[in-house]
């Protein structure tokens, strides 16, 4: 048995905690992955970083990400900081020869994203993007079924991602509601997941985009008075895919009663598939033109990503996606292949996000996206 | 008790049967409506019309709609013929001084629809359009709850109407798939219902439209070989409403596994409402910003339209909407008021349908609709 | 075409209205049945009976059931009066040579039920019992699928019928809560439907019974003060069937949030079936040992009982069961065969109800039921 | 900060893995618990135990449970071995002064269980039983709502636990299907969870039991030919609770289409609650006599057990129950109070299981259970 791969996580907030959970558990769940050593957690406050490292299982705590990135005993740098820091940290880690996992979004703008893709292309280490919903077993099963042709050719996808946390007009102003810090609102935050899924499920690139953005609540209370909201509360888009399918997308952070409702309905020439994230372990599968929707509980040993968990009927939670994501990276390192999704996948998603905004600015007119392949990966083994 | 109102139905097919059911049952269900006499059924084939009249409960059978429309003992003419005949028959009946009910769509094009609205304005009889889904008790409850402010101001509506009857590429060519006979495809057939509901639920007119149409199956088998499909299989639209809400609309006749899935999700500033036509008797209601979706079985005596039916828990079927629609017309006649929906409602819907097609032709760009009030009615008592 | 069959309904309340709806509509829905003439409605109050007859479509109104039963132009007597009148009326009608339909329950006690069965055996007319849930299309489909062996041999049935109308401790005393007028409470009212379904779905008789009754609310307000409730609020039973299956039954009129929840889950050696009455048009079907539950919308033309109604996706309501029940009787008259269910089916159900009460009185011990075939009918064509 | 508590897990199979996950994660999720050190994993095979220890995060691996139990640096012994070993191991660990957690079932028979309760009463360490479903957040919320009186007084519980793994008649013989090794079949395996929930949700003891057992498949294939199954495939029971409620219980391992369906419906005088384990993160709550069932996604920070996990809408999986269970034990150790559930809770459940079997043997007659309080704990803080 070779030496374990040393891991460092940059970031101690929500995503830092979720990724720490993945590194702590990946070896216990998946038996075919290289061993890891949780070497360092990086945060901004020394005391709180040390406490977090103790709680989350890290050997060292640091506030100096650059020195950590250059440590010889660190093989994997996992970037969980706010989006505007992704490019600098990821590029530095790649230049230091590390394998890099970056939490989504890849970057705040397309130029930065392109620099990151370029850095990844020239790096000795592998670069992976953290669209964790690719590791929802039900969505991985959906993708596998579609790839096998079980619902025929995909004609249309009806997709939404609805949350309710901004329903209240008095919900306070935050950096997430300013264009300069967040890029966009519901579109980037929620739409990026949907667009990634549309690409992953069909295996196709988006070639045409129509979009619309709405901000229902133009002002929100700041510490010293009302402040102007400069991002969207809700967004709609219609995406034409290279393979001929059309996807509609409806995302909102002002949808009362919906907590985390990523919903997808895929219609093919010979069946359909439905999914809702709040029912994480279920997939609805309609096979054949006259078929009826069957509710599959995606917990069988032969279902994708399930091989390392529990017996049938024992449901998984949201955090399991991060564990499976870590396993994907570890297997890719062991095999010396590109993990999925790549930085190029992140760039492809950002091009679509940008096009939605441009279409909205142009009154909804269709924006063509170049057919240049942004490097969409399609490794059969990822949906085992 | 005064003499019963004489009724004639024009048309013996699916809609003729559904409307006959309404006239046969309306007096038994609703006790506050004038009595009716089922005088004449009009069809094209003498023998089959006679047989249908016997089975459906009509005294006379006729193949001459003009003579029936002029009979003195006919008070109500109910037009259930194919759409291209609506204008001629309805205008003739109005000119003969009759009350007229026209099954949707009002007409095949906007010019015809405008002539019908004009005829209705100058007629002594009342004119009503058969958007029967206004009489789904759950949708009537939704409308009442929204009108009462129970979910606050409506911000967005996510709507779809999905069917599967054209999934099969070998489904044969019919008049419904040719632009010259059907006007449009899924858009007019299914979208019209959705647009009417969006208007009814919000009480607002559509002021801006973005749309897209798709025909997935360009050819279908005809009797002598492949024929060209000239209407849409699926359509999408984004509707801006005068009150500030935005509605997204996704309609398809190629959605495997969906039989008759009109689905609506209305998000307000203080709650949400959900409905699916395949679960006709249920409404999902989320009250308050922190509320949870409650499943209401809409069969209580105090629910809208329920007063004449059965005790709580005894579900209604699709045909009940026609019975309640007939009751609306009869009550309007008794009260001398305009029934709802009006021909003007039909015209308003058609303007939106046209705008969707024009937006699609213009690459998705937003079409402005004039703010001229097309006569949207808003009688509080209709949602009792 | 022969003369129509003359029909009289005895009873003008809830069931009289429901059965009137059936006679009014049966010819319009089902095209293979003899024509009927709605001749007479019988009630107790002359004025109200006349008004009801007018509203419901009856030619004559009468308060003298005996004279109506003897009219030469009456061929079918449909008994919808309270249960304690069933035996006298049904036997008189059979002795007058009429075909008889009796609303459930057949009678209040086993002795009466046995006299009715004897009268039916010696009559020239046909005798049918009104367990209308045999005409729920989804339940008819369930029965057909089980008969075809689609779920293998039935091992167990988990059944419930839950309502909420007695949850309130202040719900007033009525005749339904006294043993002398109602026989039993939830057991007879709700349990009888479940037991009939268990027999119909399996095609087997009940051979062993364990039961328990509970009255949670011992007193309820009467007009002059609290009165004693002498029937059960809830009942449980475990039924052993001749074919080897076991059915559990849980019925209650104090189940908050449940309006009319007849629920059935049938487990076989090779699949399972689920149904809930509040979702009248749906059946859940699991085929095979590894199958997943598929939600079937039971509105296709090839589904049982659907041939006369509407196109796929257009749901039926509760009242459709009475229309289909009337069609079954009319077809049986035309064919000269026993309609289903028979009076003997009613007697078989009552034997089980009695056994549940006896088991409860004996502390839950198992009661054996004789294997004498009570005449369970099993006409393949009834589940078309 | 004091020294961490040393933990040893005995057992490396399914439950050993689940409990290891709990110890590995408890400190990262819950911030108010004492730190733990994962000191030793005990198995039967040296090589496989060492490999499991490495994968699961244990410092030492051992095949000698007695020496581990006596180590000074072990404070908590967590018994995850097969049931027939529980008594010996737990008693030894208690006698060595350790805190003990025993996976359910407590023991195979009542005599053993009583010895374990006695040992726990005299021990210096704390003793806890692993009914992990007490840590399903939705069930903890149900318990809290009932305790607050939100559905009034509980009248009835309709409960089931349905699985499908024995549907296939050719599923092979195992130790789980022999009375001498497994005690009972579905009754003990699944019924024990249901009975524990019935007690926990009501806070009441079972005082009367009626039961029935069925073995549908009497023989199953063994290595050398058919062998006799000596435990139940399915069981039913009716439980009378001290507080006046009645619970029905329906458990089966031959229910096609049901993977892990623990289902509970609790009806009170003023509302109802519903739960299904396959939808782990949902609770259905009906408040008031006229209320409608609302679907609560139990992922809010204020919901029980949720304080340490993820933001609202991010669902938990089955394994989270073990993490929360470990936290309960750690908090109890820190506070010096009895954790819940206790060994006495396990004994109480076993008394009910025994009574079900005795009732079945007696033809279903009701068995009275003594009112001696078996030590049911009711710590308000456990459902935080």
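Quick notes
Per-chain numbering from 1; labels A, B, C and D assigned in written order.
Convention: contacts are C-beta pairs under 8 Å (C-beta built on N, C-alpha and C of every residue); 3 or more make two chains touch, one makes a residue touch a chain.
Predicted model, so just to flag it, every value in this text is computed and none were measured.
Subunit C maps onto subunit D through a rotation of 180 degrees [Cα fit, steps of 5, range 0 to 180].
Looking at A-D and A-C side by side, the one with more C-beta contacts is A-D.
Centre-to-centre spacing of subunit C and subunit D amounts to 42 Å, using the average Cα coordinate of each chain.
The geometric centre of subunit A is 36 Å away from that of subunit D, both derived from CA atoms. Here the CA centre of subunit A is 55 Å from the CA centre of subunit C. Within subunit B, the positions touching two or more other chains are listed as 291-293, 297. Of all residues in subunit B, those touching subunit C in their complex are 14, 17-18, 20-21, 24-25, 27-28, 31, 35, 54-57, 163, 165, 259-261, 277-281, 297, 299, 310-320.
Contact residues on subunit B toward subunit A in their complex (touch as defined above): 151, 155-156, 158, 160, 162, 164, 167-169, 210, 212, 214, 216, 234, 236, 238, 244, 246, 248, 250, 252, 254-258, 265, 267-272, 286, 288-289, 291-293, 359, 362-366.
Those residues of subunit D that touch subunit B in the shared complex are 285, 291-297.
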